[in-house]
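Chain lettering (A, B and C) follows the sequence in which the chains are written, and residue indices restart at 1 in each chain.
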Amino acid sequence: MKIKPAVLIVAALFILAPLVVPSWIMFILIKGLFMFIAVLGVTMFLRGGQVTFGHALFYATGTYTVGFSVKWFGFREALVLVPVGTLAGLLMAALVGLIMARYRGVFFAMLNLAFSMILYAVLLKLYWFTGGTDGLAIGVPTLAGVPIHASGFAFYYFSLVIAGIATYVVYRFLASPVGYLLTALGENEIRIEYTGESARRVLYLTYVLAGGLGGASGVLAAFTIGHVVPEDAFWIQSGEFVFVALLGGFESIAGALMGAVAFEFIQTYASKFIPYAWQLMLGGIMLLVILFRPGGLFAIYESAVEWLRPKKEGIAHE
Amino acid sequence: MLAIVLFDGLNYSATLFLLSVGLTFVYGVLRVLNISHGAIYAFGAYMATWITIKLLGVGLPVFLSYLMLFAGAVIIGLVFGPTIERLCLRRIYGSDIHIQLLLTYAILLILDDAMKLIWGMEPMFVSEPYTFIGMFEVGGIIYPVYNFLLMVIAAIFGGFLIWLLRRTRFGKIVVSVIHDREVSVAMGVNVSLVFNVAFTIGAFAAAMGGAFIAPTIAVVPGFAVEVVVMAFAVIAIGGMGSLEGAALGALIVGFARAISIHLFAELELVAIYLIMVLVLAFRPEGLFGQVEERRI
Amino acid sequence: MNDAAPILEAVDLTKHFGMVTAADGINLQIKQGEFVGIVGANGSGKTTFINLTTGYLKPEKGRILFMGKNTVGMPPRDIIKSGLARSFQIPQLYTNMTVLESLLLSLAAESGNGGSFWHSLFGDSRVSEGMDMLERVGLRRYANRFVSELPEGGRKLLDIMMSFALKPKLLLMDEPTSGVSIEDKFEVMDILVKVLQESDITTIFVEHDMEVIQRYAERVLVFNDGQIIADGEPDSVLADPEVIRTVLGKV
């Protein structure tokens, strides 16, 4: 498998980052990594021309997997909980997807929202079980039995590995026949049918994968943030995933990463300077992206590369 | 007890109808699901409440408060309708659905915060229009007259829209645009203008809904999204783009809500979504919706 | 090379659309290896017949037997998987990918990987096979261009090739030369016919152009008002006064 040089550079940057940047930036990067994993799910749907306003359903599935594990068993082992949370997300998606895979467009977007808000309501109301508005505290995670700091080196590299695995899985999915058929969803499902394949199955598989990604992300988030709350399933959380996918650009996996990291930086600074207009800013940026640069940050990056290339050749000849 | 459920059901149905008829109308004409509809509704509630408080504070009589609420709705409708359509929607009519959804969602986010910035986080109440006409008694049950006023308003508004569409020249033009955009253009219809007016009507409807629900609730930030999800459930059940569908959907969801509140209050939200999923499972285009077959 | 049992058989096939009779108790048999043309005025039921045969529509009455098996009630994708393929009057293409990628999807389906979410689309020497196919119909230079960049005739050809790449036993083509310029029609059909006959695929094609029918069809079925009013060799069928009156007159 050929790997593009840009990919290696990015990987190298992420691997070396903790050695050079201050710890608060490392914390932002960790948050960016699990945001990236969740957003990969939204990006895949966007490749199929579908928006989901309810991705937080899977994210919350992941966070509460950790929450319940801590509450009932006092168990905080990351190496076990990431696969378990991923599985929980996969199962949730496998279930909900049975209904969701039949819909497209507006219905797909809003039904997903409805389901995530149902989970939110359940998490909120069954307070004796879920901790209600207070949520559940997580405490210090362990990695292979060793307690680690959720914004330290070990957890950073662990998150990086999970992100790498997620990237690989999504990459293979998108390079497969199903991944290509995904781009025809809502566009030409007749041709899909007449090739002998089922459009519903394509969407269902995508849905299940997205669920797993959301679950994995939720587990990492639970450890990083330190506690889980019903708002993990709220529409605002789903909206942030959508925002990141749009900002980064959904034509490429790299877009999701760019958007996620950019978002975490924006969030860190915005809460200092404009604490009361966060949604306004998100909405405003979304408008600008949609109206002027629908390809997002990734498109800007590609244009920049295009623009730089001829110059480089000129220099080489001198 | 049954009577209470009946009244509650009708009451909820009326509010749901006012809430969702604008959404379905805009979808029918422009083929856009305006997610910011919920925010316009909330803005209507805020503006109507604020104006009414101010004017009552200056000493105007309470019986005029209904006009004040109406004025608030008109202002919001006339301000947001043409503006949003012109500045934002117009640019994305040809785009894919997901772009349209993202755009109207972005507008929702902006408007949601705008309300917080303008009116703050504290709840606002204006109960005078609600208490002024008092209660009435039927068979041992005491019920607010205002709730009946809402039903009357919903019925009048629905009637107004139907009259507009079926009996006026403008309405016939709108119907032709709904059925076949290209033919309408070929016949010289100014589709841009039709879209603009239709969207404004939808915005006005949303604002009306918000304005008249305001006296019964405390207006707080953040109810825009719950509102649009419910409105979507109503029009999905009834068939998107259909006015009759909005009425039927509103009745179904309204009564479902009334029943579940009296039986198992915890499941209120779930009940509505379950009904939506059930109806869509059997009739994906909604009860009055039209199936669009692709011809090959 | 004709087997005893027909590869496709329609028995009393009936379908109405409101007042319109699109199929009026159609009975026909197609033997393996045949190259059959279907003609008829607009609205005579030709496309309906294809839609019924491929499972896009369900008949009110009657059966369709493909290789002996009744396909009524089966979804199109299952019928396709059992060895039937179809090309469209208006090309049904994947607009968000390249020409080669669209073709590879059909090739992947043919090799059983059409529904795989792990194998690469470009694996299994599929790429060279795809390029060969594009070469044979003169589309090789568009291989890595987006489908939306294809000229009209190219779109038709790609649509047909995407069905052909499924290596079906029976291929139904709905107006393969419509949208192709008059100069190119014979060239396109020459290529197609050669490719199809080399692969021994039974072919049924709907056509409006009588010259194309006369030149390439071994057998012609004439549809009118949902019935087959003539069935035989092109020369005799097209000279039939009844056919001339109902079909050629209207066309």
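The definition used in the following text is that a residue touches a chain if its C-beta (ideal position, glycine included) is under 8 Å from a C-beta of that chain, and two chains touch if they have at least 3 such contacts.
Note that the structure is predicted; figures quoted are calculated from it, not measured.
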item: Per-chain CA centroid nearest to the all-protein CA mean; value: A
item: Centroid-based (C-alpha) most distant chain relative to subunit A; value: C
item: Cα-centroid distance, subunit A relative to subunit B, in whole angstrom; value: 33
item: Centroid spacing, where centroids are CA-atom means, of subunit A and subunit C in whole angstrom; value: 44
item: Whole-Å separation of chain centres (CA-atom averages), subunit B against subunit C; value: 49
item: Touching two or more other chains - residue numbers and ranges from subunit A; value: 190
item: Contacts with two or more other chains, residues of subunit B listed in rising order; value: 296
item: Residues of subunit C engaged with two or more neighbouring chains; value: 92
item: Residue ranges of subunit A touching subunit B (in the complex, touch as defined); value: 46, 49-51, 53, 99, 102-103, 105-107, 109-111, 113-115, 117-118, 121-122, 125, 186, 190, 235, 239, 242, 246, 276-280, 282-284, 286-287, 290-291, 294
item: Residues on subunit B engaged by subunit A in the complex (per definition of touch); value: 33, 88, 91-92, 96-99, 101-103, 105-114, 116-117, 225-226, 229, 232-233, 236, 240, 266, 269-270, 273, 276-277, 280-281, 284, 294, 296
item: Subunit A residues touching subunit C - in the complex, by the definition given at the top; value: 172-173, 175-181, 183-184, 187-188, 190-191, 193-198, 201, 205, 209
item: Residues of subunit C defined as touching subunit A within the complex; value: 54, 75-78, 80-81, 85-86, 92-97, 101, 104-106, 108-109, 113-122, 162-163, 166
